[in-house]
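One chain, chain A, links the two complexes that follow: it is found with chain B in the first and with chain C in the second.
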Partner chain A sequence: MRHTIAVLLENKPGALTRVTSMFARRGYNIESLAVGPTERHDVSRITLRVDAEEHSLEQIEKQMHKLVNVLRVQELVPGEAIERELALLKVSAPPSARAELMALGEVFGAKIADLGPDSIVFELVGSAEDVDSFEELVRPHGLQELVRTGRIGLARARSGSGRSRPKVLV
Partner chain B sequence: MRMTGADAILRSLEAEGVEVMFGIPGGAILPLYDAIARGTTVRHVLARHEQGAGHMAEGYARASGRVGVALATSGPGATNLVTPIADAWMDSTPLVCITGQVRRHLIGTDAFQECDITGITIPIVKHSWLVQDVDELPHILKAAFHVAQTGRSGPVLVDVPRDVQEAELDFSYPDEVNLPGWKPPRRGHPRQIAAAAEAVAAAERPILYVGGGTLNAHATDELRAVAEAARIPVVTTLMAKSAFPESHELFAGHPGMHGPKWSNWALNKADVIVACGSRFDDRVTGKVSAFAPGATVVHLDVDAAEISKIRHADVPVVGPLKPVLAELAELLAKQTKPGRTDGWLAQIAEWREQFPLRYGEGGDMLKPQKVLEALQALTAGRDDVVWTTGVGQHQMWAMQYLECDRPRTFITSGGLGTMGYGIPAAVGAKAARPDATVVCVDGDGCFQMTQQELATAVLEQLPIVVVIVNNGYLGMVRQWQDMFFEERFSQIHLTHQLPDYAALGRAYGALGLTVDSEDQLEEALAEALASGRTAVVDCRVDPREHCFPMIPAGAAALDVLEYDPDHDSEALAL
Partner chain C sequence: MRHTIAVLLENKPGALTRVTSMFARRGYNIESLAVGPTERHDVSRITLRVDAEEHSLEQIEKQMHKLVNVLRVQELVPGEAIERELALLKVSAPPSARAELMALGEVFGAKIADLGPDSIVFELVGSAEDVDSFEELVRPHGLQELVRTGRIGLARARSGSGRSRPKVLV
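Now for the complex of A and B:
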């Protein structure tokens, strides 16, 4: 089962490497990873997407807690968190296909970030599932290049700060 | 006070109360060694190989219960420390390693003797620092010592560029650390400790399954209090050997691959297992799904990540073992019904009678087990003997035949299984316990991996007795090839006589003795033990002897293979 984990870590040299190295060493696979600054200049936030059983997830979170630079680990539970992803898609767009592509983009709320003689670059912000769907729809037109940021997420405004772990440690 | 980074390192070590450090100088750490020459209260022991320095620091840490300190230069000096760091990581030995690094402006240029040691060691340290600013040095060292010994102890590394060692700062050693992400538990949850007590008090066949974490937590008195409060038998893992007095009536031996059958039965037939600073290592459990079927597991550990990692914990208690065990003992003293475990203890005693350690008695050659029996007989009742070992058959025989009654008197490489650990660890242990007789039980294969540290032992006046259980082979490999690879022996023959270990010992300025037969054994060992000198006793033993009992890898722990007198020993080149 797939899980989204948010990690707050000190903005120190090597901190990200320590997190990713732990995943590699313990044999956990990272599906996507997004890292960036937060409201505090000395703290970074990683949003990780992993495919793991409940037992492994608990292990991952506990092992991450042991890293000296890691300040907090929380799972972003679906329904209790906002998750977004940004994608840029360069699609083949000869004049004959343009109207259809632009209509598709409109349905998904994708912006046209750039327009060339033979291709369009779409910019889409949405849930990862929205990005998946849009990708599938434009693929038959000739998807020349695709880049996705990986998910980022925050606990919903009304639900506190998400599910903190590990629960077993009472 | 104004001083250089190198001096600040020494003042920091002094402020931490460090007595001794082990290391070897080199280019990138010259400023620190220059500061050592200018004066420090910390004794420096000059090793002959950085791996030796690292294992010495480990041996020191395990014998003393304090943090071990190792120094090395950049590049190859630092990479030679990798094995001891990995060893300390696996066995949770508190270690601060300080390495020199090339000057800051050269980092990343593939400069002479440059290597990314903080990168290389990421998976095997609790934390590491590359010091970029001399003003941070005291804070980093304070944090390094703090991290190494709090929570689950282990190794840390501080990499100091040469120009940072030379730069000046206003030194003052901080009183506190600023590590917002490092919050090891301070005490166990009272409700969980109460649940643990309840489970144990209700048990009919409880057992304490004690691991090295109990020694690391300085919690051996509290462990004994728990055992005695509810009269619970105690098995200690290899890493926990000496955590509980082995002459105690509640002692139930060592579980695991080469533990006695009765000990494995005691652990695997218990109804409540109290895991105490132990981690359900594969060498203890055998096949996990068949381990202690049906038992309720109470797991006490300072490291939350060990809880339910291998075996589900029914009652987890996360916290430092010293207060956790003390509270548990208090509750058990109130809750336990007297005599509840008498039947269980009698059963274990019966198994003990039924399944003694056995080995072959025939043949002309000295049996390896005799060496350990003789050492035990010669040292019985002494409380000033510290044992170290290498890794292999001799290590397992040492575990089986030596009796340790006092904490921190059996020092070995468990998790990583580092051949060559014994000699340098003995030198380090001697530095920690100058009053003690430190004996390294070594194998001939192990000896040849770190023998150069005999020079350190002799010249630094840290005398150790090295007893080589010399079977002329990589014995444990031979055993596996014999048992599991259809006797296809591959690249294991070292020979009994090359090198001549006693002569080699003498070349290093040690006492060197050779034992070819049982009738020479006791005299030679006694002479070495009484000599007060570094000594090498080469005991040439029967290579056909396997180490039994044995739980084959992946087999159920209850299916222990025992010594079989009818097993046909194959012809061997002797």
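Now for the complex of A and C:
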């Protein structure tokens, strides 16, 4: 089963490697990972997606929390978190295919980031499933390049209810 | 000087760690990193941002290319590549501040991903500089949480001219 995990860690050289190498040592493949700055300048946030059984995941998360520089580990539970992903897709687009591609883009709310004589670069933000669907639709036109950030996520703003907080694991 | 580097690598456990640990060993801090699937199911793409001198960077890149599973290393040169970043920002927003925050969001083309009684979650796509500016503007309202994907990038669609290809390093 796939899980999305958010890790807050001190912004130090080697901190990211300690987290990823724990997965590597155990033979887990990280499907996507995004790390970037947070609201605190000395803290980074990793959001990663991994395929693991529930019990293996708990072990990994406990181990992760013991690592130097790791401050918090949290699972983002689908439906209780806002999850988004950004993708850039460069698609073959001779003038004859342009209108059809632009119409597909419009359905998904994709922006045109660049337009060349033979190709279009789409910028798409959505759930991972939205990105998958759009990718599938444009692939027959010739998908030249695809870059995805991997999903990032936050607890919902409606956290007043108390029900919608993400599960803090360790 | 900050550089954005795109690395294509085989989608194998440990491949990501080998790349990040090379930076860690040399004491370089990776400012942001995004890794996700590409147009080929067996290949992942890392886009990372690092602060390094030109000559150190060349060394790192040569070393990186020798790593198992690494297929291509490319620097994304500003202006010659499309670079985008996605950020989610949860900002304190009592009803009295809501209108002002929404107006700020509109200026930056930020979408409202969630709205609660006391906070707003904005979804913003743009250059890293756009995200920085928006962050600075909403910070006085109370920035509760910020997640950024780190930038991803692609060569422009206008590559027919030959001038606009990113620099292939190794």
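Points worth noting:
FYI, the second predicted complex is superposed on the first by the 158 of 170 C-alpha atoms of A that agree within 3 Å, B and C clash if a C-alpha of one lies under 4 Å from a C-alpha of the other, contacts with A are read in each partner's own complex, and residues count from 1 in each chain.
Here, a contact is a pair of C-beta atoms (placed from the backbone, for glycine too) under 8 Å apart; a residue touches a chain by one contact, two chains touch by 3 or more.
Note that the coordinates shown come from a computational prediction; the quantities given were computed from them, not determined experimentally.
By the touch criterion defined above, A:Ile152 lies against chain C but remains apart from chain B after alignment on the C-alpha atoms of chain A. Shared-chain residue A:Ser32: touches chain C; no touch with chain B.
When the two complexes are overlaid on their common chain A, residue A:Gln59 makes contact with chain B while staying clear of chain C.
Set against each other, chain B and chain C differ in how many residues of chain A they touch, and the higher count belongs to C.
By the document's definition of touching, of the two partners only chain B reaches A:Leu67; chain C does not. In the superposition on chain A, A:Phe23 makes contact with chain C only, not with chain B. Across the superposed pair, chain B and chain C both touch chain A at residues 13-14, 17, 21.
Across the complex, chain A is touched by residues 6, 11-14, 16-17, 20-21, 23-24, 27-39, 45, 47, 82, 84-88, 90, 113-121, 123, 125, 139, 143-150, 152-160 of chain C. Here chain A touches chain B in the complex through residues 9-10, 13-14, 17-18, 21-22, 25, 55, 58-59, 62-63, 65-71, 166, 168-170, going by the rule given at the top.
Remark: chain B residues 118-119, 122-123, 126-128, 130, 132, 147, 151-152, 179-182, 189, 191-192, 303-305, 307-309, 316, 318 touch chain A in the complex.
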